[in-house]
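One chain, chain A, appears in both complexes that follow, with chain B as partner in the first and chain C in the second.
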Partner chain A sequence: MVNCKRKSLESSYTKAALLFLTPSLAFFAVFFVFPLFFTLYLSFHEWDMLSPLGEAKGIGLSNFAGLFSDSRFVKTLLNTFIYVGSNLVLMPVIALVIALLLKSTKFLPRLWRLIFFLPVVTSVVAMSLVWQYIFDPTFGPLNEFLKALGLPPQGWTMAPSQSLPSILIVLLWQGAGYYAIIYLAGLMGISRDYYEAAELDGANGWQSFRSITLPFLRPTTEFVLVMIAVNTFQVFTPIFVITNGGPVDSSNVLGLYIYQTAFEFLKMGKASSMAVVLFVLVMSFSVIQIKIMRRNANGQDE
Partner chain B sequence: MIFPFLWMILSSIKTPDEIISIPITWVPSHPQWANYSMIWSLIPLGRMYLNSIFTTCTITVCILLTSSMAGYALAKFTFRGRETLFFIILSTMMVPFFVLLIPLFFIVNKLGWLDSYIGLIAPNAVTAFGIYLVRQFSLGIPSEIMQAARIDGASEWKIYYRIIVPLQATTLAALGIFAFVYQWDSFLWPLVIINEKTMNTLPLGLNMLRNAYSSQANMNMLMTGSTLAVIPSLIVFVSLQKYFVQGITMTGIKG
Partner chain C sequence: MKKKARAIILLTMALPLLFMTACGKGKPTTIRILTHWDATNSSAFQAYIAEYEAQNKNVKIELQTVPFGELMKKISTSGLSSDGPDIYHIYSAWLPELVGGKTIAPAPGDFAKDIQQAYAANIIDSVSVGGSIYGYPTELTTYALNYNKKLFAKAGIPEPPKNWQELISDAKKLTLKSGGKVTQQGFGVITGWDSGVVHPWVSLLQSDGGKFLTGDGKKVAFNDAAGQETIALYKTLLDSGAINPEMSPSNASTTGGYQNNFELGHTAMIIMANWWKSSLQSTMKDAYADVATAPIPIGPHGDKSSAIFYSWLYSVNSKSKQQAEAWKFLEWLNSPKADGESSRQGAWLMNQGIIPSRTSDQKANASTLSDPFMKTYVDLLADAKPFPIVRGGAEITATLQKQVEAVLFGQAKPNDALDSAEKQINEILGK
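This part shows the complex of A and B:
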């Protein structure tokens, strides 16, 4: 008897729960699940979006096969990897340094936090335009600054060899504060007792850092690295605004090339196949990263 | 770190001559504050602001509503497949937007939502990140509260908006700020579906400004526009800094 009543109560709760979930689930069905499969479908077809969908030509794996003979695709893919790799190495270091500074500063800590976080909350488009101006070889302050130091002016975003590094600077500038705050939270979670004990044992700052700070920051670093990779693989706006991938695709990335292929060249099938490649890349990267970190963590657990 | 901001503000009040002077002018000799009033007539800045404010606020409200409800349901109700569902929702965060871009454009086009507010809003109305955040927080709400209210005869809906939502307030505040700041600068999606100039959002408008006034000498107006675009986020952030930081740390350390 009691069981019967409980079951009907629970099912009415379940009904309520599902009602709460319905808007979100409906959204995901329409704006996520369907598009996901549609992209997969398109990647096996040729379509320009102007003719009706029914006329899209099925071409099997040709899109994918053709990708690697497309020199622009290879170039943008390579660039994407360079961006991701560089960010994975540089960003955590910069962010951690900033976090350490933020933690130990006694003078107006909230002001410094604001300063480092400003690039994160301000419009990427607006600040990209500012950076474009800063990098301008003729009228920009950066070259002017170099001239004042007696150094030769650089091409920056206008030079094929320097456009990618220049964008990298912008990406680091825009992202460091965000990851610094995450590190800051991680740092604040480390109990002071450990540091005090280490000090009693005669450890210096560097030793404390290596033996206490870094190990305790492992989960944070794990999270940060995955986030950096996932975000950098999809970078678009700064590159679109500042260089539009140029000169000659030297700063172009997969995301921007997908956009160009779809909306400038109207090759939906090809763009979809590139999107699938991007998807697989991001997924594998995240999975591999997490696995490596887990393995490292387990290896050192006592 | 703040050099770009300083440069932006200084350049926004320069004259065209100062922009293209060689050697460059660091600080303008006659600050052209008039630029800030001129720009409103130069480009439809007011309209762009309006578009941005309207779409961003609406999206934020939608996100708060859906995340709050879904997070609550996933945290405080037990039903079969709950964890699987949560995992699936979570996994949507790993899918790059580019994978959905073309079909989303197709859908929006078919629905006649190009160049419209709803086209800008609908595909952004729900975010798994928000659901995750609220769900994590809601786990900590004691179930006794709900049970007591049920015994008192309250309906589930009443329990939700009378009891649960106020309890979720701080998390929702953090989420709201996140969503606002993120959506304010949304660029790719508006770029794809907006062609009609009157429907431009601020980021889109700025980009268009750069294209329309490509001569170097007009950089000062571009900087003025950028400054104006940056101010709302600045205000929102400075006044609500506490919640913002709280929101980020919530995602970073609770695995």
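This part shows the complex of A and C:
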């Protein structure tokens, strides 16, 4: 009798849980599962988005086979990896330095946090337009500043060798504040006791940083690194607005090339095959990243 | 009792339906137009909308505008729904894709007849596919050399270059450098915008006797002596510093650094379309008096200046439920207001310095079209060739753009760039 009652109660709990989850599941199905499978379906077809979908021609693996003979795909894929690699190396260092400064400052600490966080909440298009002006080789204030210092003006976004580093500066400027706040939260969580004990043992600042701060920040760093990789793989707006991938694809990334292929050349099939490749890359990269970090963490624990 | 209850239920259900039907009767038909005009031109167009709405109480017209770079994307995405705009303002190069995808409808009998009798044969061809007319042609755009008279006078050059030899020599004289940097370029180019790169280059190619594609539009024709000379011309100007690629950027709205540099007198010459006249006037103010136009300089193997031209048209969405009303509005917009007068569309185009394509509009605006800036363009139309209308046009243009830019930014040798462009474009045309 009691068993029967428990079962009925459990069943009604399950029903209620499903009912509450329905909106989220529906959202997930419509905005994630459907686009994912639709992209996969399109990657095996030829479709220009103007003809009815039923007329899309099935072409097997042709879209994928043609990708690596497309020099623009190879170039944008390589650029994407350069952006991800550079951001993974530079962003955590800059963010951690900012976080340490934010933690140590006694002068208007909240104001400094707000200032560094502002780029995160500013419209990406608006700030990209401002950066476009800053980098302009003819009228931009950056070259005027260099000239005032007696240095030669640079081509910045209009020079093929400098356009990618210029965009990288924007990405670092835009993201550093966000990751600094995450690091700051991690720093706040480290008890003062450890530092006091280290001080009593005669440890200097660098030793405390290496032996206390960095190990305690490991979970934060893991999260930061995964987020940087995922966000950089998907970078689009600043590049679209500032250089549109130019000059000559020197700053172009796979995300933007997918967009151009789909909406300018109306090749939804080819664009979808590139999106599938990007999806697989992001997933594999993140999984490998997490596995390496876990292995390192386990090694240290042992 | 049961019958009474059933009657009440039925009445309750029927009332909202009756109410909705009554409301629907008075509801005006709304026609939505999708275009790429800027705010100034859109607000000028609103006057015609108000006039039409006053004459047709049951019709409302809504204008939807996006930047040029976004227009085709908006058309293709809105085409997926049955609730898209009723009228698309489109670039003729997009016709093969839009007709192939059945996105736009051919003009019905009476409207097709109206178009046939009101426009020149080559213009009707530019809005037709497979013998069917797909809309009302609006403007004609062609390219000419724009130059700054003040800079020419300062450099002691009395007139614009007529051929490439003069172009190179004048461009060098007009180039100024400071601290190793070019501060005034003799000849400006555009980068970052496909048509802005390709159209001037093809105009120079044609003025050297070359062709972009073969007559049947199935193969590349530019990789010959004329093409090699045209790309070599860019290289010569680049190596002498007369072209400074850093002054060439364009943005999604097809304005940007290349235009600012010309307006500020940092670029002495540039090959550009007639539609930028109103922008130059409003930005340059008094300095606009320094702007003059001249035919495209003729190449060593050319015998006449031959720019490219393209047209735009209003087409009706094949999924629109208001197709008849949309065609009626387009006919009204493009018909002369009175005998011998310009159409509303023609008058609106002329205010922006754009050449209307309707024969009666060109006659009615003959005096304006003969102003020194516009006359060069109008005269050039006689020998201008239409930009090829082929499937994959956007990708073909972008492919040539990338290769020309590769030369301008020192990323490729001129002939290698042409070989690469030929190979890639032939592949696109072969599909």
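Note that the second predicted complex is superposed on the first by the 301 of 302 C-alpha atoms of A that agree within 3 Å, B and C clash if a C-alpha of one lies under 4 Å from a C-alpha of the other, contacts with A are read in each partner's own complex, and residues count from 1 in each chain.
We take it that a residue touches a chain if its C-beta (ideal position, glycine included) is under 8 Å from a C-beta of that chain, and two chains touch if they have at least 3 such contacts.
Not measured: the values here are computed from a predicted model.
By the document's definition of touching, of the two partners only chain C reaches A:247; chain B does not. When the two structures are aligned on the shared chain, A:139 is found in touch with chain B and with chain C. Contacts of A:228 after superposition on the shared chain: neither chain B nor chain C is touched.
Counted by residues of chain A touched, the larger count belongs to B, out of chain B and chain C.
Looking at the shared chain after the overlay, A:160 reaches chain C, while chain B stays out of its contact range.
By the touch criterion defined above, A:91 reaches neither chain B nor chain C. Within the superposed three-chain model, A:239 lies out of touch with both chain B and chain C [touch as defined at top]. Shared-chain residue A:49: touches chain B and chain C both.
Of the two partner chains, chain C is the only one touched by A:152; chain B is not.
By the document's definition of touching, both partners, chain B and chain C, reach A:263. In the superposition on chain A, the residues of chain A contacted by chain B and by chain C overlap at 49, 136, 138-139, 147, 241, 263.
The residues of chain B lying in touch with chain A in their complex are 1-5, 7-8, 11, 19-20, 22-24, 26, 65-67, 69-70, 72-74, 77-79, 85, 89, 92, 94-107, 122-123, 125-126, 131, 156-157, 160, 181, 184-185, 187-188, 191-192, 202-203, 206-207, 210, 216, 219, 222-223, 225-227, 229-230, 233-234, 236-238, 241, 244-245, 248-249, 251-253, 255.
For chain C in complex with chain A, the touching residues are 72-73, 76-77, 79-80, 97-98, 100-103, 179-181, 191-192, 245-249, 251-252, 257, 260-261, 266, 392, 394-395, 398, 402, 405-406, 408-411.
Interface residues of chain A, counted against chain B in their complex, comprise 10, 13-14, 16-21, 23-24, 27-28, 30-32, 34-36, 38-39, 42, 49, 53, 110, 113-119, 121-127, 129-131, 133-134, 136, 138-141, 144, 147, 173, 178, 181-182, 184-186, 189, 219-220, 223-224, 230, 233-234, 236-237, 240-241, 254-255, 258-259, 262-263, 268, 271-272, 275-276, 278-279, 282-283, 286.
Contact residues on chain A toward chain C in their complex (touch as defined above): 48-52, 72, 132, 136-139, 147, 152-153, 155, 157-160, 241, 243-244, 246-250, 260, 263-267.
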